[in-house]
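In the two complexes that follow, chain A is the common piece, with chain B as its partner first and chain C second.
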Partner chain A sequence: MSKKFKITICSGTACYVLGGAQLMMLEDLMPAEFRDQVEIVGSACLQACRQGGSGQPPFVKINDYLMESASIAKIVDYLRKH
Partner chain B sequence: MEFPKITNNCCVEVDFRQKNCGRQRTGGDVFLSRKLKEQQRVISVLSDGLGSGIKAGVLATLTSVMGLNYMSSFRDPAKAARSIMDTLPVCSERHISYSTFSLVDVDFENEVKIVEYDNPPVLVARGSEIIRLERSQVQVTRADREPVAISVADFQARPGDRIIMLSDGVSQSGIGSQSLPFGWGIEKTGNFIREQIEKKADISACELAAAVVDKAWVNNGGHALDDITCGVIYFRQPRQLLIMTGPPYDQKKDRLLADLVGNFPGRKIICGGTTANIVARETGREVHVMLGKIDPDLPPDSVMDGVDLITEGILTVGRVARYLEDRRNPETLNLNPATKIVRMLLNSDIINFVVGTRVNEFHQDPNMPVELEIRRNVIKKIAALLENQYLKETSIQYI
Partner chain C sequence: MTYINNAALIKRQLMVRLAKMMFAGTLGTQVDYIPLQQAPRESASVRCCIHHDRAVLRYRLMALLGFAVENEKPEDEIRTLASYVAEVEQKGADRLDDKILTVIDEACSSCVRANYRVTNACRGCVARQCIMNCPKNAIHIENGHAVIDEKICVSCGICAKACPYHSIIYQPIPCEEACPVNAIKQDERGKEKIDESKCIHCGRCQQACPFGAVMERSEIFDVLRMVLNPACKTIAMIAPAIVGQFNTELGKVVTALKKLGFDHVVEVAYGADLTAEKETAEFVERVEHGSVCMTSSCCPAYVEAVNKHISNIKPLVSDTPSPMRLTGEWAGQKWPGAKRIFIGPCVAKRAEARASEHVENVLTFEELGSILVAAGVDVLECEETTPDQVATATGRKFAISGGVAGAVIAAASGRGVKADEKLFNGLDKKAFATLKVVDKVIKNTTFIEVMTCEGGCLHGPGVISNPVVARRFLEKMLKEHP
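On to the complex of A and B.
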């Protein structure tokens, strides 16, 4: 069965230095209620910083939604709302 | 795009490992190597200064630098030896000036000249067999009028040969212990080297040197009673490595990157998320980031079919430059993407860099950390270090 959310974390240079490093621990810090619902993968680079107007790194993709200035709190918040 | 042709089907790999005596921070043994690019010669010296620590370090450094310089300019071993002995400062306690050395000079046709003074004999392994060298003695008068003998040997090296230089910290390791009352000795050391080569026929210079030094350390029960040094010169088929970093300036050349990966006869590394994505797109493969094992300072590496290693770009290569500059032993560092690259660099002979010159504008944001240097500069620095400190052949091409 496929999971409800697929979270893709960008590990490109810009994302990594602007806070993406913390996101690498997302899997460990994910609240128990969501553990079964999310699949976490990495991306060598989502290319979001190259497209103008996408916002600030770090970027994370949750299914098709591109989140800018992502943080663990912001991701969990998003999961709660959806 | 073409890489420089390999002119020599046999290349020379030189590396060494060392442990300092006791808790001395300075080694009393010095191993130096120099490549004379124009003459295609490689000269290596292992010198062991009297005693240990700073004083020994000074003696050994003087000896090895002089040895290198003399051999580079004159190639006359007896003259070099005499000058060295006349120059060394005299020890205030023992009233002698003393530093032993082994000098190995390899020319462009793999003709080897070996000069030795009081060090354990240099070993030559042909395949896994230790071969005997014909040595002749040259008399030299030391500054204190004491005549001493220097041994000189020549031979023609073949692909697969290894020359092993040892300090007496290796041959005398374990001395006085129950299992090795007279020390490890040159014969048993030779047997150990043979076993290592039998176990792994293509063992690299640094791996073999590390194995010998570690074994000597174990012989002593986990101590270095004297400085322990082993240098290895290995004649072998050149191993090639391709490092690709950065997207091409002109997008039309994206396809070229993929072709290079496909056709390159050696190992391949891609440094940079965008670069990896380009290759993946052009070849229809997928990049998978390894989120499991994370180093706190560096973005994780990824895997893709047909490429040996994929890492993030500028942070990782910056770290590689730092490791190389500090001469860190990659085997003792935490395994992270940068140490993986360093290991592959040191286990290669010819390293080809393909550097894309397109700039990610986001990296120019003043909010970004200053470590984000210009890719071209970092690669140039890495290539220079590899050439000068690690005696590798390199090429850089911009795309």
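On to the complex of A and C.
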């Protein structure tokens, strides 16, 4: 059965250095209510930083939604609202 | 536990901007634009206004260029950052003398003088134990609530214990609370000052300050200048704690360093292998001569702490040089004339490197990471390369608490000396008290390992990765290369 959310964390160096390192703890810190609904995958650079948009790293993709300046709190908040 | 915080991220963003300009060769003309780019006109300010934010950013850049903010004279306030860049060019490493850490007084929030504060949980009761029991008469009632006069309060805490509603809270000054040696204190204006005669450069105040007011004096400029000069040969000496810093295999980091322009990459864990060997020989010899115990010497903040605060145990500290120094010495013989740059998680290594003839400069992992971002080098996309000098698992374990002691005790056992181990995992006030009398309270034939950072170097102030994540990588590597 596929999970409701697929969270792709960019581990490209720009994202990782500018705040993404902490996102590697997402799996450990995920609230119990979402554990069955999310699949967390690490990824090489998602290229979001290179497309010249205004967003700041770290980037995370939740299904098709691209989140900029991602943090664990922001991700969990997004899951709550969807 | 290290928490991610915005002050640290702003510092890294500034490092990236600075390094980008160095790569583009525009630092001398463009550096004064960085505060404007970082805090543009329409952005929300963190402090009172965008202009204060920018003023603090300017000071951060001064620290990133290697200057001590304390040395700024009143007339220097109108100086441009470009003039500081020119001064770096002119003075070189001489500007780095004296302090390792610098406090930006403009960023320091002059935290509460009194550590106790009455919250709005106060009900202005009849009993008023707080007032009745305050030995300094520092509390009065204002608008139906108790108020502590900060100028009179001596932070004894009796009021907090006495209040039946627990409405009086303890509020620390984060940097002072974090400092294990009382080296950082408020001046008469309430701004923090570091007493260099006490400071052991552990970097905890820097991590603790919620305003990011404490900064290292960076050597990014010096290192990039050397790396960008093809005539200058450079050696990256990577500390054992680098494993897991970029969320990938060590080999890819080696390639990334070479892409940046480093000519050679050496694992300092190789020097740690040498340290383990020499330190064991020293320990066995000391035991044979009747010594009760010996302590490790690889943690520079601990060695500084012994020199400045508990000099009575100096004879117990191993004379064996640290892995950084042994690696530097080895690299200096292998590639004469090449500049040796230690890349690690540590603030205190800066002081050790300045005092050593075997290391030219120091970068932290977050500085390296920021430089890689500026250069557009993505570590994950690199191929794996073997370092020019590799290490064994023994040396690689130096990055975690227990690694040094484990190595020495195992090797000593091979020489017929059965020893106990005692780990000081984190140098706090309690550890200080024990260390001061350690030879009196410890069993015969003990090897004592002291790590200033709790958990070891993976928890150092200059790391990028969460230590939990980094440790998983290190353990995986140790399993694959035992």
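The rule is simple: the second predicted complex is superposed on the first by the 81 of 82 C-alpha atoms of A that agree within 3 Å, B and C clash if a C-alpha of one lies under 4 Å from a C-alpha of the other, contacts with A are read in each partner's own complex, and residues count from 1 in each chain.
FYI, contacts are C-beta pairs under 8 Å (C-beta built on N, C-alpha and C of every residue); 3 or more make two chains touch, one makes a residue touch a chain.
The structure displayed is predicted, hence computed values, not measured ones.
Chemist: With both structures placed on chain A, which of the two partners, chain B or chain C, ends up touching more residues of chain A?
Modeler: If we count touched residues of chain A for both partners, the winner is B.
Chemist: If we overlay the two complexes on their shared chain A, which of chain B and chain C does A:Ala14 touch? Say first, second, both or neither.
Modeler: The answer is both, since A:Ala14 touches chain B and chain C.
Chemist: Which holds for A:Ile40: it touches chain B only (first), chain C only (second), both, or neither?
Modeler: first
Chemist: Counting only touches as set out at the top, which of chain B and chain C does A:Ser71 meet: first, second, both, neither?
Modeler: Second partner only, chain C.
Chemist: Which partner does A:Leu29 reach: the first (chain B), the second (chain C), both, or neither?
Modeler: A:Leu29 sits against neither chain B nor chain C.
Chemist: Shared contact residues on chain A for chain B and chain C?
Modeler: In chain A, positions 11-14, 16-18, 21, 24-25, 42, 44-45 sit in both the chain B and chain C interfaces.
Chemist: In the complex formed with chain A, which residues of chain B make contact?
Modeler: It is residues 272-274, 276-277, 287-291, 294, 296-297, 299-300, 302, 310, 312-315, 360-363, 365, 367-369, 372 of chain B that touch chain A.
Chemist: In the complex of these two chains, what residues of chain A are touching chain B?
Modeler: Listed in rising order, the residues are 9-14, 16-18, 20-21, 24-25, 27, 40-45, 47, 49-50, 57.
Chemist: Which of the residues in chain A come into contact with chain C in the complex?
Modeler: On the chain A side, the touching residues are 11-14, 16-19, 21-22, 24-25, 28, 42, 44-45, 71.
Chemist: Over in the complex, which chain C residues touch chain A? Could you list them?
Modeler: Against chain A, the touching part of chain C is residues 4, 9, 12-13, 16, 246-248, 256, 366, 369-370, 372-373, 377-381, 464-466, 468-469.
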